[in-house]
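In order of appearance the chains are A, B, C and D, and numbering begins at 1 in each one.
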Amino acid sequence: MLVEPAAQIDSFIDSFGNRCTRFFAQQGTLRLSNSTLICDSGLPDEINPNAREIPVQDLPHDVVRYLYNSRYCEVDRFSIIALEHFGSVPPGWSRVQAICDWIHTRVTFGYQYARPTKTALDVYTERFGVCRDFQHLAVTRCRALNIPARYVTGCLGDIGIPVTGVMDFSAWFEVYLENRWWAFDARNNQPRIGRVLMAAGRDASDVAITTSFGMANLTHFTVVSDQVQPAQAHL
Amino acid sequence: MLVEPAAQIDSFIDSFGNRCTRFFAQQGTLRLSNSTLICDSGLPDEINPNAREIPVQDLPHDVVRYLYNSRYCEVDRFSIIALEHFGSVPPGWSRVQAICDWIHTRVTFGYQYARPTKTALDVYTERFGVCRDFQHLAVTRCRALNIPARYVTGCLGDIGIPVTGVMDFSAWFEVYLENRWWAFDARNNQPRIGRVLMAAGRDASDVAITTSFGMANLTHFTVVSDQVQPAQAHL
Amino acid sequence: MLVEPAAQIDSFIDSFGNRCTRFFAQQGTLRLSNSTLICDSGLPDEINPNAREIPVQDLPHDVVRYLYNSRYCEVDRFSIIALEHFGSVPPGWSRVQAICDWIHTRVTFGYQYARPTKTALDVYTERFGVCRDFQHLAVTRCRALNIPARYVTGCLGDIGIPVTGVMDFSAWFEVYLENRWWAFDARNNQPRIGRVLMAAGRDASDVAITTSFGMANLTHFTVVSDQVQPAQAHL
Amino acid sequence: MLVEPAAQIDSFIDSFGNRCTRFFAQQGTLRLSNSTLICDSGLPDEINPNAREIPVQDLPHDVVRYLYNSRYCEVDRFSIIALEHFGSVPPGWSRVQAICDWIHTRVTFGYQYARPTKTALDVYTERFGVCRDFQHLAVTRCRALNIPARYVTGCLGDIGIPVTGVMDFSAWFEVYLENRWWAFDARNNQPRIGRVLMAAGRDASDVAITTSFGMANLTHFTVVSDQVQPAQAHL
C-alpha cells in the first residue's frame, strides 16, 4: 500500500487471518493507493446443492466462533425466529439459499438507508439497507441455525453482468458447509465472476476497509479494474 | 475436565488464547467437574496510578481488536457519551478508575436483573444488573475512549473480604495500560486477592463458561475452594 | 378509594375515558384500599367468529388512535412482519384469534421475565414475559394489520378455572371488530368469566395501576374477591 | 381542505384537541391543498425566565399525560440520565432552556439522518437528526424531569431570519410551566416569529401531517406563505 505523504507502515495478520496495515497519519490530506494483479478462475461462484451441514460437534475448532454473536449480528435475538422461518427447509445448502432468497426478495437496497449502527434485527424490521445490511441479516440467521457464517468485505466485479461499470467494493458472506467455506450473497443472490475477497470476520465491525481513530473524512474513493489476459499477466 | 458419563474430550486454544474444551454429550444427566491447584501471590490486585494510556498507534497489533465493537459492547453508540462523561478526567489509570467508580456507585446489583440480551446501553439506562453487566458498561466506555479493554470470566475468592463464604464465579475486566493488562472490577471496585482468570474475550459472548448447542438445563453449580499452604502445595 | 393516612383525593376522567384518582402522599407508609360490588353476567367472554374487520375508512373517529404506535407497541417495526405472519389468515375475528394462538403457544409466562422497558419487539425475540408482555405483542400485531387494539388492565377472576385461588390483577386486550370492542387474552387464550375492566389505553404506560412521581416501594398487594348471589347483592 | 379528485371529507377533534380530517382516497394521483389567513402577533416566541415548574400534584388533570412515555419518547429509559445531566440546573424555565442548549449544541441537523423509527435514545447516542429528532430528545428529557412536554407540528416562518426563503413545515415542542404552555425549539433554539401550530401530541406518531393506511408516495410538497398587512387581511 502506498501512503502519501509517506508514513511508516506496519503490517500484521489479525486473529481472523486477514492482512492488516497500520500507520500513523499526519494532519492534512491523505492519499492511500494500492494496485494488484489478481488471478481469477473466470468462473462464477461455485454452487453445490449437495453441500451438507456439519453437526456442531464435528466443526473444526476455528470455525466454531462463527456461530457466535457479534455487534451487528444478534444471534441470541434470532434463535427462535430463524428456526420458525427456515426450520422446515432441508438443512445444508438449500437452507442457506432459502435465507438468501428471503432477504433478496424482501429487503430493498438503497444507499440512503445506510447507518453505522444498523443491526440484523433492524434490517429484519425495516427491510431497507445496503449490501452490508443484507449480509448481516443472512449471517445472523445462519448462525442462529448453527451454520457457521462469516462476513466478507471485498471487491465485486461486473463481469457477466448486463449493466457494466458497476464494479465496486462490496460485502458478501460465506458459510461453512461440507468441508469448506462457500460464498453467498444475499444482496445480489446470483453467482458472480471475480469476487476479490479482502477480509473476512464476524461482521462489518471486524473488517472495515479503514478504521480511523481520530477525525477522518473520506473525500474521494475510486476503484479501477482492468481485465488482462494471462499472457499479459505474465509479462 | 471430567465428564460423566464419559465422552471424548477435545481441547484447543481459541483466537483469544483461551483453552477450550469441546465434547458431545448424550441425552440425560451430565456432570462436569474439574479440580486444580492454583498458586496465587496472595496479594491484592496491583494498583498503578501512573500507568499511562498508550496512543492507539503504539498499541501492539493483537491488542487493537479490544477497541472494537462486540455484541454487548456497542462502542459505536458510546463514542460521544463516554467522551462527555470522562473526557475531562486525566487519561490513563485515573480515567479507568473514574469509569469504575461511576458504575460502582450508580448501578445496583441484583441477580433478578440478569438477562442474556442485556447490552452496555441497557445497563446505562436501566442501572441494574449482575457482574457481567457492570463490566460490559465499563469495557464499552474504555473502548470508546480508545483504551483497550477485555472482558474476563473467572473465579473470585473471598480472601480478605469481611463477609466470607462468597467465593464464586464472577466477571471482571482488564485494560491495557503502559505495557500490560491490568485487572479492574466495576462490580466490586476494590482490590481483591485471588482472582483466577479462566478466559478473556471481547465480551460475555466470547467467554461463556459453557456454550451448548441444544437444550441444556443447569440443575446444580457448586464451587469449592480451599486455601492450602505452599508446603502442602508442593506435596 | 380510601387513602391512609388521609389525603385530599381528586378524581377525573382521562383522555381514554378512564376514571383516575390523584392525591399527594406524605412521606411514610401509605395504604390504599377500595371495595366495590360488581354485577357480572356470569358468562364467559363472548365469542363471535363472524365479527368482521372494519375498513379503516369506516372506523369511528375515536377508535382510529388505537391503530397508532405507543411506547411498548412499536407498530412501525411490525408492519411487514405482521403481514407476513398473518396476512394469509382470513381477516376479522379469526385473524385476531390466530395472533392470540401464536403468542399463547410460543411465549412462556414467568414473573422473573418482567421488566419495565420490555416492548413488543422484545417479547417477539425473547419469547418470555408476564401478562402485559403477551398483550403488548398481540396489540402491536393487530394494529400493524389495521385492527384497532387497546390494552386493558383489570381484575381477572378464577371462576370456572380448575385451579382456583388465582384471582388476580391482570392485563388483556380488546379489539374493535364489527361495531364494538371485544375482549381477547393472549396470555390465557380461553374465554373467562368475570373480567373486571379497570382501565383501557394504548399500552401499559397509559393504564398503570399506580403512577408515582417520587420513590414508592410496594410492600404489600392483596386482592380479595367474594362471589355473592344477586339476592345478596341487592341488599 | 380541498381534495382532488373530490372525496367526502370528515372532520373531527382528536383526544389531544387537534382538528383532524379523514377521507377515503381512490387509487391514482391525489392532490391536497389548503389555504388560510393567520393573524400573528408579529412578536417572537415569548420568553419568561421566571416561569416556574409546577409540582406534579398541582398540574391540571389534562396536562399529566404529557409526563408519560410514548413511542419515540422513552421516558422510562431517561429518568436517571436526565436527572444526572440537568438535576443541578435550577428548575423551571432555565432547566428547559439548558436542555435545549445541550441538544442544539450537540446534535447535528441533516435530512439524510431522518428515519421513521428513530427514538429519543437513538438521537442521544447518534447525535444526528432532523427537527423531529431534536424535539423528541428534548420532550423526553423534560418529561423525565417531571416537566410536561408535548410535541408540536406546524409551520415555521422565516420572518426575521437572515437567510430567508426557508419557511417550511417544522416541529417544535411546548412545555407547561407556571400556568400555560410555552414554545421551545431545540432545533433552532432562538425566539422566532410566526409559528403556526397545526397539531400537538405526545410525539410525532400522534401528529403526523398525514397518516395513510395503504401505499402513498409523496411526489410534491409545496408551502407558500405571503405576509399580508392587517389592512389587506381585513378585505
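Quick notes
We adopt the following convention: contacts are C-beta pairs under 8 Å (C-beta built on N, C-alpha and C of every residue); 3 or more make two chains touch, one makes a residue touch a chain.
The shown structure was predicted, so the numbers you read here are calculated from the model rather than taken from an experiment.
Where touching is counted per the definition, the chains common to chain B and chain C are A, D.
Number of steps on the shortest path from chain B to chain D, with steps defined by chain touch: 1. The greatest centre-to-centre distance from chain C, using averaged C-alpha positions, is reached by A.
Measuring from the averaged C-alpha position of chain C to that of chain D gives a distance of 30 Å. Measuring from the averaged C-alpha position of chain A to that of chain D gives a distance of 42 Å.
A straight line joining the Cα centres of chain A and chain C is 45 Å long. Shown for chain D are the residues in touch with two or more other chains, namely 77, 117, 125-126.
Residues 112, 115, 117, 125-126 of chain C are the ones touching chain B in the complex. If you check the complex, the residues on chain D that touch chain B are 77-78, 80-81, 106, 121, 124-127. The touching residues of chain C, when paired with chain D in their complex, are 10, 12, 14-16, 20, 22-24, 56-57, 61-62, 64-65, 67-74, 76-77, 116-117, 146, 205-206, 211, 213.
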